[in-house]
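Look for chain A in each of the two complexes below; its partner is chain B in the first and chain C in the second.
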Partner chain A sequence: MDYSQFGAMLPELIILGLFFVVFLADTFSKEGEKKWLTPFTTILFLLSTVAIWLIPASGETIFGGMYVDDTACKAMKAILNIGVFIVFLQAAEWTESDEMIVRKGEFYELILVTLFGMYLMISARHFLIFIIGLESASLPLAALVAFNKKHYESHEAAIKYILTAVFSSAILMAGLSYIYALSGGSLYFADIAKAVTEGTRSGLLIVGLAFLIAGIGFKLSLVPFHLWTADVYQGAPTAVTSYLSVVSKGAAAYAFFIIFVQVFGAVFSDLWEWMMYAVIILTITVGNLFAMRQKNMKRFMAFSSISQAGYIMLGVMAGNLGLASMMFYIFVYIVSNLGAFAVIAAIESKTGKVGMDDYDGLHKTNPWLSFVMTLAMFSLAGIPPFAGFFSKILIFTSVTASNSMALYMLVLVALINTIISLYYYLLVVKAIWIKPGEAKIERFDSTRCERVGLVICVLGIVFFGLVPYIYDYCYEAVKTAYGILI
Partner chain B sequence: MDLSMLWYLVPSVIMFTAGVFGFVTRKNMIAMLISLELILNSADLNFVIFNRFLFPGQMEGMIFTLFAIAIAAAETAVAIAIIINIYRSIGNTDINSAKEMRH
Partner chain C sequence: MGITLPILILAIPFTMFLVLGIGGVKMPRKVAGVIGILANATLLAICYTVAFRYFFSGDPQFINAEGVRQQLQVFDVTWLAFTERLVVNIGFLLDPICAMMLVVISTISFMVHLYSWGYMEHEPGFQRYYAFLALFTFSMLGLVVATNIFQMYIFWELVGVSSFLLIGFFYKLPSAVSASKKAFIVTRFADLGMLLGILVLTFYFPSFNFIDLTSNTGSVVASMGGASFLGASVLTWALVLIFTGGMGKSAMMPLHIWLPDAMEGPTPVSALIHAATMVVAGVYLVARMFPLYLCEESALQFITWVGAITAFYAAVVACCQIDIKRILAFSTISQIAFMMVSLGVARPDLHEGLGYMASMFHLFTHAMFKALLFLGAGALIHAVHSNNYTAMGGLRKYMPITHWTFLIGCLAIAGIWPFSGFFSKDEMLSAMFSLSPFWGYWMTMVAGLTAFYMFRMYFLVFWWEENPHYKDHKPHDAPWQMSVPLIILALVSCVAGFIPFGHFVTWNREAYNIHINPQVAATSLSVAIIAIAFAAWLYLKKNDKPAMMRQALPALWQAAHRRFYWDEIYLFITRKIIFGGICKGIAWFDRHVIDATMDAFASVTQYVSVKIKGMQSGSVQTYVIWYFLGALVLAAITWLCII
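And now, the complex of A and B:
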């Protein structure tokens, strides 16, 4: 075997190396040195993020076509890396708390392992690699959700997460086995795509596709596979919730796109267009309707993220142009959502309050946090000068680019839902700025790490819509890798 | 004796259905986990059957099954660890008692 092939997996090797370094540092450091672990990991991770942005993609296909490292995969990995970096900044304060101090190393290690799994999911061109990546991304996440050992909610969230995760991967594998039967004995994406293009539209293929949508839909919390989301988001530690809501969703969305558009693209209009059509409309609408009645901020963000997942999935309907706008949407979603979660996490760690009513009059005591939260809500709702508006507009135009009437209707439904979502996002803004009465949260200073994280999010929200650098980067990456086809 | 593929596929489908049914109706977390194992095993069985009967010259289904078995074991280990934690906090493993968060 030619071991030099591993050299093409540079992003994975960087993350794996980082994992081993953190693991060894955690294991062999003495009690007094433990306090250096957080800055050590965060700075090393920042360096790896920069490295992954700067290293050009090798563009090689290795292991006989099982793994590819093209420009689009690399761009997606870089985007995810930024999300994880912001999560690390937010988690710094939490990992220094008394009950966390002895096992904060495990937190970083598990996050790095899941990130490695997501990299594999993104780059996989063979279903075996994809499944391995998916599982190494979702199993450590269950351990992370259960991380607050002293809190019962954390365990309850973890059992709900692990049971649905295993159920979804079991369904996924069952669907895969049916597709394997039709594929001519190969699990390579390319071979299956060929078999699907040439083969007949049998019932087995429909069942297999439905199972695949269900299996990955669970990870993406698409309706009707979303029931675990609210409980898990509420019970998990806030740092883990923010990680779960953006990074793991982004990776799953990219993998979903690759599998469905590149492997089953030939049967798009015959078989799975209407399935995704129904799923997207349900996801956006149900997410919105349930978000309106939430009083707990973490549950609120859970339903908001369900609805956002629907918008992300719009990219799947639009071919390769959709991939570029989907990656941009994921990036904007990462900064906006993490901005909101940074405020929630800061307030929760200082006062323990997560109710929306507790945010009444927040601007009197904590104007900066209120400012960030407002920007994040505006961006999530898609109000013009902020990045969320541009990401929505780009994903809508990419869907309508094919001039199909059905897709126009889909965009119309999404548009109406954007207006509905404005209502509940503005509820938070109203609580912060307009509601009369005394503020319920004392004034406090956030830590330096939190501030850096908030500043990155604000810069992302304000500038990345107006400055087209990120979108151009995604567009060029997709164009180099797959060519833009409309 | 010459058994056709159907003789193997029917048990696999029965296992799948039993697993899904058990997952939805059972209230004990361990029983739910067992149901999940049934679904996973039925998928593995499918892979082996299709490989053996449809593509006898190739190995990919078998190799996939080996990996899937290892993955299923890992999943069970994590799930059992979490169930033990729940048992320590509330004294039983009934899924109906896990409803602290509900709105």
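And now, the complex of A and C:
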């Protein structure tokens, strides 16, 4: 075997290396001397992020076509890294709390392992690699969800998560086995694509596709595979929730795109276009309808993220142009959602309050947090001139670019849902700025790390809609890797 | 010419706007006033330098060997490129009318800045006032230096905004607020016409640039391909629509209604915006595109008619007003209409396009003496705290400086030799007589009316009878900041007529020698003197002749006093017909169909949201069942549909 091929896996190797460094440092440092671990990991991670941004993609396909390192994959990894970095910044204070101090190394290690898994999901061109990635991205997450040892909800959430995750893996495997049978015994994406193009539209394929959608849809929390989301988001520690809601979703969305558009692209219009059509409409609408009624901010964000996942999935309907818009959407979603979560996390860690009612009159005591929260809500709702507006516009235009009436209707439904989402996003803004009465949350100062995280999110929300740099970056990456064809 | 000075011309006032607008609150008012004035003095110096170099340096980039002044684009950068064709540039076009306007704007703006220091001294929001003045100066300068019609349109709207802000400066007065809204809405409505005109014009001709549009008018006409609409050529439509914008800004009938109300703003603002600079933007617009207007005789005729009717109407109304600022406002409308008529009658074959030169000349002299009159009126109002001449009378003894400068202004506007108005008015009248004696006599009559109403006001304010209120409150001349601008402008009004204006500004940018037409001069002079004598006979000393005249024709007096009911007509149309008729139906539709649909949408959403609550039961078994059923149903439905 040619070991030099591992050289093309540089992003994975960097993350793996970082994992080992953190793991060793954590293991061999004394109890009570772990104060430096947080800045150490965060700074190293920042360096690795910069490195992944800067290293050019080799464009090589290695291990006989099991793994690819192209510009689009690398761009996606870089975007995920930004999300993880912001999560680290948010989590910095939480990991310093008394019950966490002995275990904070584990937090970073688990996150890094899951990130490694996501990298594999993104770059996989063979279902075996994909499953390894998916599982190593899923299972440690259960441990992360259960991280608050003393909280009953955290345990409940972890149990619910692991049970559903295992079940979804089973469904996914079942689906894959049908695909395996169909392709005549190969799990390579290329072989399956060939078999699908040449083969018939058998029932096996349909069930396989439906199970694949269900399996990956679990990670994306698409409706009706989403029911775990709210309970898990609510129960998990907030840093983990924000990680789950953005980074994990981003990776799954990218993998979903690669699998469905590149492997099953041939049967798009006869088979899975309609499956996804239904799933997207359900996801956006049901997510919205539930989000309207939530009183707990984390549950609220859970349903909001379900609905957002529906918007992300619109990119799947639009070919490679959709991939560029989808990556940009994910980036914007990362900064907007993490902006909101940063505020929720800061307030929760200082006061323990997560109810939406607690946010009444927040601007009187914490104007800056209120400001960030408002921006994040505006961006998530897609109000110009914030980034969320442009990401929605771009993903809608990419979907309508194919000039199909059905897809126009899909965009129309999505647009109507944007109006509904405006309602509940503005509920938060209303609570913060308009509701009368004394503020329920007293004034406090955020930590330095939280502030850096908030500033990054605000910059992302305000500038990256107006400055097209990130979109151009995604567009160029996709164009170089796959070419833009509608 | 380097780009430093032109850029500074725009950058200085804009920077002042930002500095005073953002930092003004923190500044003592004296500091704000002083830096505003100093910045304006710098601006004045730069504008004078640029204009001086343009007219006198003899540099071949400004004037070629044949003595034709050049149109120079100092810079012209792409600002917004929407499509290949729709490209908006921002630039600086230097040509004779632009250089002249630079002089006018910077002079009057400086005078007003200085004057306001005294006039506005005790007003709250002093810093805000200076910030708005700077914004206006910036916008007006941007308008006159525009290289293309789109840039002009942008700055056109900006002057509209700054005018709105300044008219409504006393925002606690309901009358000022409604006047500012009225001004903005009326001019904005007119600008809609202008925008349509621009769209029509550039739909056919692929450039916004003024030089492209005006240097080879044949190609513009050719690009239209003889298209016509409702009996008039497309070019005529475009030009008339563009002129509509000018009608709004320059207060031509029937869009004049905002200008008299705009007098609610501070008086120096009226002098700057509503007498000397912004209101002549319409004249400037026509002058800027004059070669195109020459291609369409009917567009020029339209301008002539609108101008002639407006000039007469405004002059008649001005004879019956009580508020001295309103008199001046109507006088402004009348004089701008004069300029419009003069442009409308200009033809290259009649004294080498004399009307154009005369119009620009009058624009220049009028700016000076009308600013003088407004500032003088400001000094009067400052002294007696009322706008009405009934609160004045016999003021010549108390306010000598104001009296003499005001008299010079009145003589200038009445067209008495050797004051500046005589020369410009004489050229305009010659141009009108040369096209058709009818317009000549008509406008001579307007000139006579002008002399009459100006001296009516002059005598009623400074002679007539001393107002008894002076015993309690003795009026006196204004402080030096206000008197100095009055004296300077009065001096300019005395000598400006002797400027050989034809050497600087003509329609084809070649020198033209002004010569007084003795016949026209004699006629207009004698008409003016008779009108002044008549005014003196009526108003010099207190008597009951004016009251008797009023009683002889009560209906006419009342109608003229109420400005021939234009405002009532507008109110009737907007309130009764548009709001009461058309809008009611639309409002019903909005409330009962659109809103109801939205409400239904909302309540359905709420209802469904409540109904599906049970799906999220919290039990993981249910979740998995939903999950599995979801995957199966997805497969089953697809299967059923496909196979």
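The working rule: the second predicted complex is superposed on the first by the 485 of 486 C-alpha atoms of A that agree within 3 Å, B and C clash if a C-alpha of one lies under 4 Å from a C-alpha of the other, contacts with A are read in each partner's own complex, and residues count from 1 in each chain.
One rule holds for everything that comes next: contacts are C-beta pairs under 8 Å (C-beta built on N, C-alpha and C of every residue); 3 or more make two chains touch, one makes a residue touch a chain.
The structure presented is a predicted model; accordingly, all values stated were derived computationally and were not measured.
Participant: Contact-wise, after the overlay, does A:452 reach chain B, chain C, both or neither (first, second, both, neither)?
Facilitator: So A:452 meets neither chain B nor chain C here.
Participant: For A:401 in the superposed arrangement: first (chain B), second (chain C), both or neither?
Facilitator: neither
Participant: Examine A:143 and indicate which partner it touches, taking first as chain B and second as chain C; both and neither are also allowed.
Facilitator: A:143 sits against chain B, while chain C stays out of touch.
Participant: So in the superposed three-chain picture, is A:167 touching just chain B, just chain C, both, or none of them (first/second/both/neither)?
Facilitator: Touch partners of A:167: chain B and chain C.
Participant: Regarding the shared-chain residue A:128, is it in contact with chain B (first), chain C (second), both, or neither?
Facilitator: first
Participant: First (chain B), second (chain C), both or neither: which does A:181 touch?
Facilitator: In the superposition, A:181 contacts chain B only.
Participant: Taking the superposition on A as described, I'd like to know which of chain B and chain C A:44 touches: first, second, both or neither.
Facilitator: neither
Participant: Check whether A:294 is in contact with chain B, with chain C, with both or with neither, and answer first, second, both or neither.
Facilitator: It touches chain B, and chain C stays clear.
Participant: Per the contact definition in the header, classify A:152: touching chain B only (first), chain C only (second), both, or neither.
Facilitator: Once the two structures are laid over each other on A, A:152 reaches chain B alone.
Participant: For chain A, give the residues common to its interface with chain B and its interface with chain C.
Facilitator: Shared contact residues on chain A: 159-160, 163, 167, 171, 230-231, 293.
Participant: Give every residue of chain C touching chain A within the complex, in rising order.
Facilitator: 602, 605-606, 608-610, 612-613, 615-616, 618, 620, 622-624, 626-632, 634-635, 637-639, 641-643
Participant: In their shared complex, at which residues does chain A touch chain B?
Facilitator: Where chain A meets chain B, its residues are 127-128, 131-132, 135, 139, 142-143, 146, 149, 152-153, 155-160, 162-163, 165-167, 169-171, 173-174, 176-178, 180-181, 184-187, 230-231, 234-235, 293-296, 299.
Participant: Can you list the residues on chain A that touch chain C in the complex?
Facilitator: Those residues of chain A that touch chain C are 159-160, 163-164, 167-168, 171, 201, 203, 206-207, 209-211, 213-214, 218, 223-225, 227-228, 230-231, 270-272, 274-275, 278-279, 286, 288-290, 292-293, 420, 423.
Participant: Going by the contact rule set out above, which residues of chain B touch chain A in the complex?
Facilitator: 16, 19, 23, 29, 32-33, 36, 39-40, 42-44, 46-47, 50-51, 54-55, 57-58, 60-61, 63-64, 67-68, 71, 74-75, 78-79, 81-83, 85-86, 89-90, 95, 98, 100-103
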